[in-house]
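Heads up, there are several structures right after this.
Shared between the two complexes below is subunit A, which has subunit B as its partner in the first and subunit C in the second.
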Partner chain A sequence: MKRSAVLLLSPGLLLIIVLLILPILQMFLPTFVGDQFFLEKYLNFFHSNGNIQVILRTLMIAVITTLITLSLGLPTAYWMSRLGDRWKKVVSIIVLFPILTNAVVRNFAWITILGKNGVINNFLMQLHIIDKPMTLLYTNFSIVIGSVYLFLPIMITSLVSSFSQLNFEVEEAASVIGARPSIVFFKVILPQLSVGMLTGSILVFVGSLTAYTTPQLLGGNKNMVLATLLQQQSITLGDWTSASVVAVILTVIAVLVMTIMNYGTKLMDRRNAK
Partner chain B sequence: MRTKIKFSSVVGCLVLVILVVPLLIVIVTSFGEESAISFPIKGFTFEWYANVFQQPDFVEGLKMSSIVAILASFLALLVGIPIVYVLTRFDIHHKDWFQTIFLSPALIPEIVIGFALYQALVISLQLPLFISLIVGHFLLCLPYVVRLITAGMMEFDESIEEAAWMVGYDKITTFFKVVIPNIKQSVVAAFILSFITSFNNIPISLFLNGPDLNMLPTSILNYLENNYDPTVSAVSVILMIITASIMILAEKYLGLNKLT
Partner chain C sequence: MANIEISDLSMSYQKGKQILDQLSLNIKDGELLSILGPSGCGKTTMLRLISGLIPIQKGTIKVSGKDISKVPVYKRNFGMVFQSYALFPHMTIFQNITFGLKRRKLDKKTIEQKALNILDITGLSNLKDRMPHELSGGQQQRVSLARALAINPNVLLLDEPLSNLDAKLRIEMREEIHRLQQKLDMTTIFVTHDQEECFAISDRVALMNQGQIEQLDTPQNIYKNPRTEFVARFIGYENFIPKTWAEDQQWQFHKEITGKLLTIRPENIGIGTGENTLLGKVVSKNFLGNYYQYIVDTELGILKVNTTKDQSETNAEITLNFPESSLIELEDK
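== the complex of A and B ==
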């Protein structure tokens, strides 16, 4: 019994250790070697204002994207869960299709919309509302738009699955005894959804935190985030150590956020089960 | 009550419009005659589709992306199914540690995995890029396989397996004749999802492709850096058609809810 378990697990375990854990360690360890102090390279990194800005921008984009997808996703998922089976299926397909479509395609769509000669600028100029094209592309704004577009379907999907477990009878009972719709929503529905909201938020937050394609295509050279900084330091500048420092910081933030939020999800799960 | 339902349906419909319209714009611009992308388009042409197939990077990239996606998904299933079988059926210590280890590729940012593999496999070990690409995409696919197959094993009643042992099947025969056929749907779903994830990946391929080894998404990214013409719209439409075909196949054989 035991032996066959070891036999079946060891190939996978070995592959993960050799192909993932060792390469990650090989990259991480040299960043903790300094002439005077083991965190020297990190102190140097945080000494630069530009780098601090990159970290703050990365976090801000992830926070704003999560909040927007959550506030658009909640009503959408609620609406979907109340649709008849046939329409629900049609809408689910429309939501699933972008998730499975390449990120390059989805970001490229926004270049054609937000660009200098893009759909929005053209439209507003034809109506003579503006006479010079606005700068929409290659800004923090365009990165947020692109990220929301990228992650909204994922948020909706995680919310829909928790809405489908939602107990609508409790909701009806609450309104029968005279609770106002807003009270019903905040006191009865929202608590039942907290796990789905957290799961969706983890996916969206970590996804936009570590995303490369969207800031690369929609952010331009001025609006760097950690992922594009990592690419620039390594591929463009060939500075492996600095790139590794960025990689460690990005990984630590992502793992930290995931661990904390997963812990929160578990706590809520336990509370809801009671 | 009424107002809330109204509010949510307005937002819901708006969200659908936001999701669909950008993709529709891409489809429309792929037919425009002007060499700069414009909307609304002037004229109508299929020229840009022809141009897609004249880009060696795109054609080679499509081939390479498909090959890598198929091999990596297959490898992930080969390694992943035994792992899940042990984790769901055997009584072993520290089960959740193992679970975490096998899901760990999903914890580390993809771009970091790509960078680490480039340093370790390509620079230090001097492995060919193709092998390194397969490794990177295998790591990408493994967590999906582990998650979906675990769900499949949970649904599959253990007592059927025990019944097979009792009528005299040995463990290995039972695994192939009873377990695998019963979780077939999850296996197919895991393969499809792995394939799509690998096929669409950019951050890992970014570090592991080279002048002779192009993946389609990174080729499009490179093309976009120097050109901005409807060829990109046309190749985008081709990618959308691939996605749609996979979805139709998945719906036919599995039901789409298996994929999420």
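== the complex of A and C ==
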């Protein structure tokens, strides 16, 4: 039995080893080779202020995107969970619809909206609210807007599933024995949503941490994040080892954040398990 | 503690469906009043109106003489137990019970004392650090009751609290509710669709139908003297006799019959000759433990006759008698 299992597994296993694990090792290992010290390349990377800024910008965009999608997603999901079955389906389709279009196309849409000659600037100028166009595109702001637009459906979907598990009688029980609406929300509803909020946050955070298209198209070359830095090092400069260093850092951050948040989810899950 | 006066309470949804229709009801201080009725009769709506979970459209509700129509739900100081238990899933049993107390301006020590006291009364002390999902249905409902009682409410509202429990637990739990209600002398409204559990513990029963109270009385009186056909059918009367038919049969009545319909309990129909007889054919005979039930096909349709003695066989012709003292006349509606 054991032998047949190995046999059945081997084609897939071989494929993964040859096409995934080996290339990863080939990519990662050279980054740990230095003239004096095996972490030399990493020390050099962190020596540059520009690089530190890129890491901080990447983290900041991911955190802000997560917080905004969370705060926009909560009321939307709450409203959706109270809809009748038919309307819930209709709204779910509307929410998920943007995911069906290509990310590049969606980002170009934002370029035409946010650009110097874009919809917003033209509109405000015609109303004479501003005299010259504002710089909206190619800023951290435009990256965040694009990312929020990209990830909001994912956040809403994970929140809706957790809202739909709520028992409305539990809220009613709380208010009958003396909890005003704000207390009901913060002490009864929110804690029960913690699992959904964490799941959604992990997906959005890691997603925007590693996103490439949106920061590239909406951030321009001045506002680099780790993913665009990686692209520049490898494709533009052809410095594959430096690019690998960025890749390792990105992977470590993503895995670290996921582990911490997963642990948090498990803690909450154990408390809320039904 | 508190008495409740409900007057002219009406409630309808947009589509014009009348849920409650000018309903008036007084509940005495310390009384356990049941609201009994089929699903859709408006009993849960009424309880939710009293609790404040839905706003009053028409009519007033007074508690101890004070109009509470404008008082928000969280200021009414009521306790409520739900069919689904509705415990806070993310809190321990102890936290569930102290939740209501913490909303009142009490110091920590008093809160703990009160919670421990109610845990003791309800026999939950050894479960206080557990989470709700670790408890059985019966235990969860007990916690739900304890949580409602912990705040020392003016009124206890029970919304079908036993429906999710199995038969044996249901009896145990209703005794528990009754014991606590008596011990704390708590004005209690108990909504149910189960006649037996309601009769067992209630001081009075309000039997509801289509948004109105059909009969309000003690369980004994409702059982012995159902006022209308609806009440009679709901509490298990199955044999109905139109008055005009009885007169055509020249049945003897010593008092005047005003209603159009008479009814009789299966165990009060006699087998053999006697006063007011009717011939029938036994369709089937069922042995039900402490009595036999005969299904008899008569001119009036199928009648059910319960008797302790085995008196006849299937397909036999038998004579049934209907003593006047056991015939109950029903009001027209």
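Just so it is clear, the second predicted complex is superposed on the first by the 269 of 274 C-alpha atoms of A that agree within 3 Å, B and C clash if a C-alpha of one lies under 4 Å from a C-alpha of the other, contacts with A are read in each partner's own complex, and residues count from 1 in each chain.
Following the convention adopted for this analysis, contacts are C-beta pairs under 8 Å (C-beta built on N, C-alpha and C of every residue); 3 or more make two chains touch, one makes a residue touch a chain.
If you're wondering where the values come from, they're calculated on a predicted model, not measured in any experiment.
Counting residues of subunit A touched by each partner, subunit B versus subunit C, the larger count belongs to B.
Contact with subunit C, but none with subunit B, is seen for A:I183 once the two complexes are overlaid on the shared chain.
Once chain A of one complex is fitted onto chain A of the other, the partner contacts of A:F108 are limited to subunit B, with no touch recorded for subunit C. By the touch criterion defined above, A:Q192 reaches subunit C but does not reach subunit B. When the two structures are aligned on the shared chain, A:Q232 is found in touch with neither subunit B nor subunit C.
In the overlay built on the shared chain, the residue A:T241 is in contact with neither subunit B nor subunit C. In the superposition on chain A, contact of A:S175 is made with both subunit B and subunit C. By the document's definition of touching, of the two partners only subunit B reaches A:T251; subunit C does not.
Put simply, subunit A uses residues 175 to touch subunit B in one complex and subunit C in the other.
Here subunit A touches subunit B in the complex through residues 1-2, 4-5, 8-9, 11-13, 15-16, 19-24, 26-27, 72-73, 75-76, 78-80, 82, 89, 91-98, 100-106, 108-113, 117-119, 122, 149, 152-153, 156-157, 161, 175, 181-182, 184-185, 209-210, 212-213, 216-217, 227, 230-231, 234-235, 240, 243-244, 247, 250-251, 254-255, 258, going by the rule given at the top. Against subunit A, in their complex, subunit C makes its touches with residues 51-53, 72-80, 82-84, 86-90, 99-100, 103-104, 131, 133, 144, 147-148, 150-151, 153, 157. If you check the complex, the residues on subunit A that touch subunit C are 167, 169-170, 172-180, 183, 187-188, 191-192, 194, 271-274. By the touch criterion stated above, subunit B contacts subunit A in their complex at residues 1, 3-5, 7-9, 11-12, 15-16, 18-20, 22-23, 25-26, 29, 36-39, 79-80, 82-83, 85-86, 90, 92, 98, 101-102, 104-105, 107-113, 115-121, 124, 135, 138-139, 142, 171, 196, 199-200, 202-203, 206-207, 217, 220-221, 224, 228, 232-233, 236, 239-240, 243-244, 246-247, 256-257, 259-260.
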